[in-house]
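In the two complexes below, chain A is the common chain; its partner is chain B in one and chain C in the other.
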Partner chain A sequence: MQNNAFQKNVINYPDLFSEATDAADFSEFPQSVVDYSTVDGVNYGVPFDSGTAIGAYRTDVLAEAGYTIDDFTDITWDDFVTKAKDVLAKTGKPLLSGQAGSSDTIMMMLQSAGASLFDADGNPTIADNKALEASIDTYVDLVNAGVFTEVNSWDEYIGTFVNGSVAGTINGVWISGSLQTATDQAGNWAVTNLPKLDGVSGATNFSANGGSSWAISSNADVDLASDFLKSTFAGSTELYDTILPSSGAVANWIPAGDSDVYAQPVDFFGGQAVYADVVTFGASVPSNNTGVYYYEARDAVSTAITKIISGTDMASALDEAQSAVEFAMG
Partner chain B sequence: MSALTATKPRGDRRRLGTDRRHNLTGWGFLLPAAVLIVLISFVPMIQALILSLQTGRGTRLDWADPLWYNYQRLLGDEIFKQTLGNTFIYLLIQVPIMLLIALALANLLNSPRLRGRAFWRTAIFLPCAMSLVAYSLVFRTMFATDGFVNDFLGAFGVEPVNWLGDPTTARAVIILGLLWRWTGFNMIFFLAGLQNIDRSTIEAARMDGANSLQVFWRVTVPQLRPIILLTAIMSTNGTLQLFDESWALTQGGPAHASMTMSHYLYEISFQRNPNFGYGAAVSYVILILVAVLAFIQLRIGDERD
Partner chain C sequence: MIKKLREVPGYAFLGIWTVFSLFPLYFMLVSATNTSQDVLSSRLLPGGALFENFVKLFQAQDVLRAMGSSAAIALGTTVLALVICSIAGYGFEVYHSRGKDVLMAVLLLAMMIPFAATMIPLFQVFAKLGLVNSLFAVIVPAISTPLLILLFRQSSRAFPTEILEAARVDGLNELSIYARIYIPTMRATFAAAGVITFMTAWNNYLWPRVILIKNEVQTMPMLIVNLSAGYVTDYGVLMLAVLLASLPTVVVFLILQRQFANGITGAIK
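Take a look at the complex of A and B:
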């Protein structure tokens, strides 16, 4: 089950889930990922597919502008905007792209600072949310500077980097599957962490987008299912070693990153052992509270961003978003 | 005398018996279909009505307090109002244009002097045999920022337009898509209607010196009135329930600017925290709107009495 929808589904359909407490040693997973499927302190899911966020860039384009991947590692968004503008001026290529009206980028920025759109009691905190304001400011800067190309659909987004008009992307690690369809760019990509927000407390260079976890249904043989999960997705390097090369499914289970298969250099990424790196990134991702009304809040923020980019004042757009979510919750 | 009075009722009785038998046979044939319609159409409608009076997330539904709470809530729902507005924009702009084009095309294709009539008929009708999702995806690709339409306009020096990213053009693309998809469908109805018009009425008008435009408006169109009424009601009904284009072409964007009521209904029920009661209330508002508009059209269109 999609991590962002996990809490919503457990709370709306409590009869469909079984406790997964015995299905894994949860300390072997990143806390932020376990939190997605934990409701009131009870584990309902075993994390599987990783949504750890990566920054992937074309090293050949960076080199043309006089940069290396290290110049984009452990930086802040301000640095990023400066350098990306330089890359754009020298090579004509923006470094990022995304779907207009999608808030994926904003949500990754928010989570990188451990922030969310809800407080611990589940009340929306869209208005007067410093981390959100900083994220939107950054996003608007990126778009206005021309270093973030907005497109209208997912296929166009994939197209921007596959056809080489955009020289990088920031997304969950699952995006590497789409990156690698651009076989003509093999060897010219490298993966690093995300820029972090400036002036926001708790800001880090790590985040996540999406990912999924296993759930045990209420009509299942819970013991058998728990045992199965414990000896496979929460206990078998062999399993992860088999599915990584064949399907690109990157583990959330930290011990999986120690195996040889994860440490193998990936030719597409210039010989970088990206998967081991990503498992390490995953351990540093701050937890955030998705909340039951995650999708309502995300949609409201998307609408607000669309309005802000076309000129509406940020405070009033976010107030509107806040009341839209409060309405949806009422 | 007595013999006559005695036989007559007997004959009546026998005839009644046959009538009743015929009746029963008729009902017997109708019954399976009627039962199916009741089971898969009317029963769910009543269930939806009951559902629209309930509230709660997911499967945990309770009676709303007051019972009409969901309907009352709609009045304060900004997104619903916006989608209602969008749907009426589609209705008011697209349906009249479509019916006029369909009428004109049908008239052209009905002309015995036109060559390759069968080919044109098929070509114009073909779009409505297309899958809604497939054509929406094709339109989305054509109107992408680096799509066919911008390439074509670029050849004439027009700057690329962000068709699906701007509220006005996004709606226009949906309307274009609807025109392409449904004009042929309505044209077929008009063509069928034209076959029933007595050519002598048209010839008579010509003899009286009417030009072809006058013949069209004064003689052909009035005789097509029942068909125009039928297509208008069908189109209104279809537009109010519009979902696929909003979903597949624009995803309702930007910022709900092109989202239809049915798309919002889907979001309420399946994408957000499932609020099936509220979703059912939206569906009933759509039903009531369709019924009211169909009633008005019938009153205006039907001038037989």
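Take a look at the complex of A and C:
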């Protein structure tokens, strides 16, 4: 089950879930990922598919502008905008792209600072949210500077980097499969962490987008299912070593990152051991409160962003988003 | 000459419109022969990856089986819907009963109910009957539609009552009149109704997705969605699957094209 929807489903349909408390040693997963499937302190899911965010860039394009991947590692968004403008001026290529009207990028920025659209009690915190305001400011800067190309659909987004018109992307690690569609760019990509927000307390260079966890249904043989999960997705490096090359599924289970397969250099990424790096990133991702109304809140924020980009004042757009979510919550 | 010149803007407009209508079909055809990367770069020339796409598609999915399921559903629905709705439409027009207009109004009102409202009860009914994962459960809800009944009723208005009376005088029973006189006369309407029903059944996605849970019984539209559900979408393979899924409806339409146009305009020859 999709991590972002996990709490919503457990809370709305409690009868369909079994506790997964015995299905894994949860300390072997990043806390932020375990939190997605935890409701009132009880674990309902075993994390599987990683949504850990990566910044992936074309090293040949960066080199043309006089940069290396290290210049984009452990930086802040202000640094990023400056460097990305320089890359755009020298090579004509923006570094980022995304779907207009999607809140994915903003949500990754927000989570990287350990902030959310809800507080711990589940109340929406869209208005007067410093981290959200900083995220939106950054996003608007990126778009206005021309270093973030907005497109209309997901397929177009994939197209922007596969056809080489955009020289990088920031997304969940699952995007690496689509990156590798561009066989003619093999060896010219590298992966690093995300820029962090400037002037926001708790800001980090790590975040997540998407990912999923296993749930045990209430009509299942819970002991058998728990045992299965414990000896596979929460306990077998061999399993992860098998499914990584065959399907591109990257683990959340931290010990998987120590295996030889994860440490293998990936030719497409210039010989970087991308997957071991990503498992390490995953351990540093701050948690995000999702809750029942997460998608309503995301949609409201998406609408607000579209308004802000077309000139509406940020405070009033976010106030409106806050009221929309409060209305949805009844 | 002047008359011909006057037609130029009209043809120019139709010409442009044709390009707009045909372009997506052209892109689908060309993309099926290109690699995923070429499709994403909007390559408009045919490529050499058709065979490779075929191999990948057939390795990833059981295409023949999905084609079989789709064909069984579409053909079953079409045959049953034509029989049931034509008898209903014929009955509504030919026989006289006090309540028939009220009944027709109820049927038309039923057209206004969105499918989303009936989907859950429908699922419960078929689940209780043990018909989840059965193609039968996809066919049955689609065999009687107000639209087809209305189409047949409207067309039956033009069915000459003299023939009906003559047939009765000659001693033909009601079923034989329907089978031996009505059906041949209404060929065009049957063709139009057949094309509409076949296309709707073939392209139907929501209800099959709900009631057909196992992958073994998936239909072509479900297969296409599955192709874009993993970590990476191969757009060349996807376009090939879309192309294969479009072929049957294209063939059915081309065969019945002439009758379809007549049927929609309500002509009887």
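We take it that the second predicted complex is superposed on the first by the 330 of 330 C-alpha atoms of A that agree within 3 Å, B and C clash if a C-alpha of one lies under 4 Å from a C-alpha of the other, contacts with A are read in each partner's own complex, and residues count from 1 in each chain.
The working rule: contacts are C-beta pairs under 8 Å (C-beta built on N, C-alpha and C of every residue); 3 or more make two chains touch, one makes a residue touch a chain.
Since we're looking at a predicted model, the values are computed, not measured.
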item	value
First, second, both or neither for A:296, with chain B first and chain C second	first
Comparing the two partners chain B and chain C, which touches a greater set of residues in chain A	B
Touching partner for A:174 - first (chain B), second (chain C), both, neither	second
Which of chain B and chain C A:324 touches, first, second, both or neither	first
Contacts of A:54 with chain B and chain C, given as first, second, both or neither	neither
Set of chain A residues, in rising order, touched by both chain B and chain C	155, 159
Contacting residues of chain C [partner chain A, same complex]	36-37, 40-42, 230-235
Touch list for chain B against partner chain A, complex	57-60, 73, 76-79, 140-141, 144-146, 162, 164-165, 250-251, 253-256, 271-274
Chain A residues touching chain B - in the complex, by the definition given at the top	8, 11-13, 15, 100-101, 150-153, 155-156, 159, 292-293, 295-296, 299, 302-303, 306-307, 324, 327-328, 330
Chain A residues within the chain C interface of the complex	155, 158-159, 162-163, 174, 177-178, 180-184, 247-249
